[in-house]
Amino acid sequence: MVCVLGGFPALAGADLDLHANEVAWLRGPNGAGKTTLLRLLAGLGAMRRGRAEVLGADLSVLGDRRWLRGQVGLLGHATFLYEDLTVGQNLEFWAGLHRADPVDVEAAARRFGLDGRLGDVPVGSLSAGQRRRTSLAVLVARRPRLWLLDEPHAGLDAEGRAMVDRLIADASGAGATVVVASHDADHMPAVADRTLDVIGGTVTEAGAS
Amino acid sequence: MIAAVAGDAARIVAKDLRIERATGVITTQILPFGIVMLLLFGFGVDPALQVRGGDRSVLAEVAPGLFWITVLLALLLVVGRAFAVESDDGSLDALLVAGVHPAAILGGKAVVVAAELVVLELVVGAGAVLMFDVTIGDPLHLVVVMVSTTVALAGAGTLFLAVVAGQRGRDTLGPLLVLPAMAPVLIGATAAAGDALYGAGSGGIAWTWALVAFALLYSVAGIVGAGALLEDV
Amino acid sequence: MFVEYVVAGYGISAIVLAAYVGWTLRRGRALSRQVPADRRRFLRD
Amino acid sequence: MTSIAVPPSAPEHTGSRLTRVLGAATAVSWVVWLTYGLVLSPADVVQSESVRLFYLHVPLALSAYLGFTVTLVGSILVLRKNSAFWDQMAGAGAEVGLVLAGLVLVTGALWGRPTWGTYWVWDPRITATTLLFLVYLGYLVVRRLDLDAEVRARRAAVFGIVAFINVPITRYSVQIWNSLHQEATLSLTDTEMDGSQLTSFALGAIAMALFTTWLIIHRFRVGWLEYELDRSGLESAILERRGERTATEVV
C-alpha cells in the first residue's frame, strides 16, 4: 500500500498480515511512516495504491472505511480531549458517541484513577500523563476490535506504563488485535508478539529484511 | 441510520454548548463585538440625520442592512470558533474514528452556529430598537426572516469553512469564500427585514421566500457535501 | 461620439486575452517537454 | 477515464486537430463579428458609438457563464467518479471564466461612463457580476491549497457546485431585482434593440463561445500536464522514500 500526504509518500510500500489477539510492535526512526500506517489502519487517510483489508473492510472502499472507523480505537499524539470540559464530561461525550455501556465507562474511569475528584477537573489543567490516562479510559470503555496505539508510553510514569502494558495484554487476551508504534526498545519486546520494522515508508518483519 | 446521525449531531451540539458554558467565548467576546458594532454605526452615521421628507432617521432607515452586516461578520468569528474547538487537539479525526458520520459533524456545527447567531441577533436587535429608534411593524414576518437568514448563514458558513478546515491560511481564505457568496442572502435579508419593520415598499414577501430557499439550499448542500469535505477520500 | 471608450474596451480586452492565451500556450509547450511522452495523455483528440 | 494510447511522437504543445479546427472557426467568426459589429452596423440612435461596446460586453458575459458551467459539470463528475480529468476541466473552466468575467466588468464600466456619466453604478447585474468574480477567485484559491490532490479536488468540487448558484442569480439579477422592487431600475438591457444590433450580439456570442471552448481545451491540457508532472515527481519520490531503507542499513 502507498499513502501520500501532501505530495510526500509517507508510506511507500507495506505488506503485512496481522492476526487476531496479536500484539504487533512497529519500530523505526522518526518520520518512517508509523503514524501514517496507524491512521490508514484506522480508516483515516486515503490509500493511493495497492490493496488492504482490515477486519474484513476494504480500505479502498469508502463505505468500508466508514464502518471500520467505528470498530477501531486510535490513540495518536493528540489526546482528542476538549480542554475546557472536565474529565468526566469528556468521558461522557466520547462514550456516548461510541454507544458504550455506562458500566464500562465507570469501570474504565476507576481503572485509570479518574473517578472521584479528578473527574471534575477540566482537562486543560491536567498533566500530560493524566490526559493520556483519560484518553486511554475512553478507548477501554469502547472495547475496540483493533487497537492502534501511537507511543502509548510516552510521558507516563512507571505506574502508568505498567497500566498500559496490562491494558495491551488484556485487550489481546480478549481477542483484539493491538498495533503499537513505539521507540521504547527496553519495554516493548516483553509486550509484543511480533516486531515490525518501519523504515522509509516500508514495513518488514524484524530480522527478515 | 438517520437516527444515529441525528443523535451524534445532538451530542456534538450538547458538547459544544457545554464548552460555551465553560468558556463563555460567545457571551464575553462575540456579543460585545456586536454591541461595539452598534456603537460604531452610531458614530459613523449621525443618529440625528433625517431623510428629507421622511419621518425616520437615516440610521433607523439603514438599520436592517447594518444589522445583517454585523451578523455576517460575527458569523465568521462564530464558525471559526466552532472549528477551532475541534482542531485544537485532533478531535476532528477522533470524531471520525468514533464512527461519526461527517454529516453529523457539519450538521451539529451548523446548529451550534445558528443557536449562537440567534443569541447575537436578539441582543443586537434589541440594541437597534433601543438605540436606533427602530420600530417593528410585523413581528411574525421578522421572525420568519431572521430564522431563515440565520439557517442560511449558519449552513453556508459551516460548509465554506469546512472547505478550508485544517489548512494554513484558513483565517484569511474563509472570509473570501463566505462573504461574496453570502451577498445575495445579505441583500434579501436586508430588504425583507426592512419590509417587516416598516411595511411593504421593498418587494413584499418575495425576498422572504428567497431567504427560505437559501436556507434549504445551504442546509442540503452541507449535508450532502460533508463527506467530500471532511474525509480523506 | 464616444469612440474612445469603444477603442479602449476592445483594446483592453484584446490585450488581456492575448496575454492569457500566450501564457497558456507557452506554458503548454514548456510543460509538455518536461512530461514523458507516454504520460502526455489527452493532448490528442 | 478513457485511456488513449499515446503514439511515440507525442506533441510538444497543447494543440491538436480539434483545437486547430476550433481555432480556425474562431478566427473566421471573429472577422465576421468584428467587421459587422464595428464597421457595417449603424451606431445606435440614443447611445451612438458606445453601443458597440455592448457587442463585446454581452458575449464576454455569456462565455464567462459557459466557463463556470464547465466548472459545475466538472465538479459534479469529480464527486461522482473521482475523476482527475474532470478536476482539471473544472479548474480550466473557472480560470477562463474568471478572465472573461474580469473583462465583462471592464467593458461594462467603459460603457457606463458615456451612458450614465460614471464608471460604476449600483446596477444589480454589475454588483452581482463583481461578486461572481470574487466567488470564482475564491474557488481558484481553494484549488491551490496545499492538500493531497484527490482531497483537494473533492473540496474544490463541493465549492464549485455550491458557487454556481451565483451564476443564475447574476444572469437574472435585473429581473429578480425588478420583480422584487416595484420601482423600475435602470439596467443595461433596457434599451430597445433593432435588427442589426441583434445580429451583432448573435455573431459575438458565437464567436466568443468558439474562442472560449478553444481556450478551455488548451487550459485543460496545461492543467493535465501539470497533474502528470506532479505524478511523475511522486513516482520518483516513492522510489526515493523506499531508498531510505538501504541508506539506513549502510549506515
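We call the chains A, B, C and D, going by the order they appear; numbering starts again at 1 in every chain.
Just so we're on the same page, a residue touches a chain if its C-beta (ideal position, glycine included) is under 8 Å from a C-beta of that chain, and two chains touch if they have at least 3 such contacts.
If you're wondering where the values come from, they're calculated on a predicted model, not measured in any experiment.
Can you check which chain pair, C-D or A-D, has more C-beta pairs in contact?
Comparing C-D with A-D, the pair joined by more C-beta contacts is C-D.
Using mean C-alpha positions as chain centres, tell me how far chain C is from chain D in Å, no decimals.
Centres of chain C and chain D (C-alpha means) sit 13 Å apart.
How many Å are there between the centre of chain A and the centre of chain D, using C-alpha atoms for each centre?
Computed from C-alpha means, the inter-chain centre distance equals 47 Å.
Please work out the Cα centroid separation of chain B and chain C, and write it as a whole number of Å.
So the centroids are 41 Å from each other.
Which whole number of Å gives the spacing of the CA centres of chain B and chain D?
Going by mean C-alpha positions, chain B sits 31 Å from chain D.
If a residue has to touch 2 or more other chains to count, which residues of chain B qualify?
Those would be 232-233.
Could you list the positions in chain D whose residues touch two or more of the other chains?
Answer for chain D, listing residues that touch two or more other chains: 146-148, 150-151.
So which stretches of chain A touch two or more other chains?
46
Spell out all pairs of chains that touch, sorted by label.
Listed by label, chains in contact pair as A-B, A-D, B-D, C-D.
Using the touch definition from the top, list the residues of chain B that touch chain A in their complex.
Chain B reaches chain A through residues 8, 11, 15, 18-19, 22-23, 85, 88-91, 93-101, 227, 231-233.
Mind pulling up the chain D residues that touch chain B in the complex?
Residue list for chain D touching chain B: 79, 82, 127-128, 131-132, 134-135, 137-138, 141-142, 145-148, 150-151, 154-159, 161-163, 165-166, 169, 179-182.
Show me the residue ranges of chain C that touch chain D in the complex, using the header's touch definition.
1-3, 5-6, 8-10, 12-13, 16-17, 20-21, 24-25, 27-29, 31-45
Touching chain A in the complex: which residues of chain D?
146-151, 230, 233-234, 237-238, 241-245, 247-249
Would you pull the chain D residues touching chain C in the complex into a rising list?
Answer in residue numbers: 3-4, 6, 8-18, 38, 47-50, 52-53, 56-57, 60, 85, 99, 102-103, 106-107, 110-111, 113-114, 211, 215, 218-222, 224-226, 228-229, 231-232.
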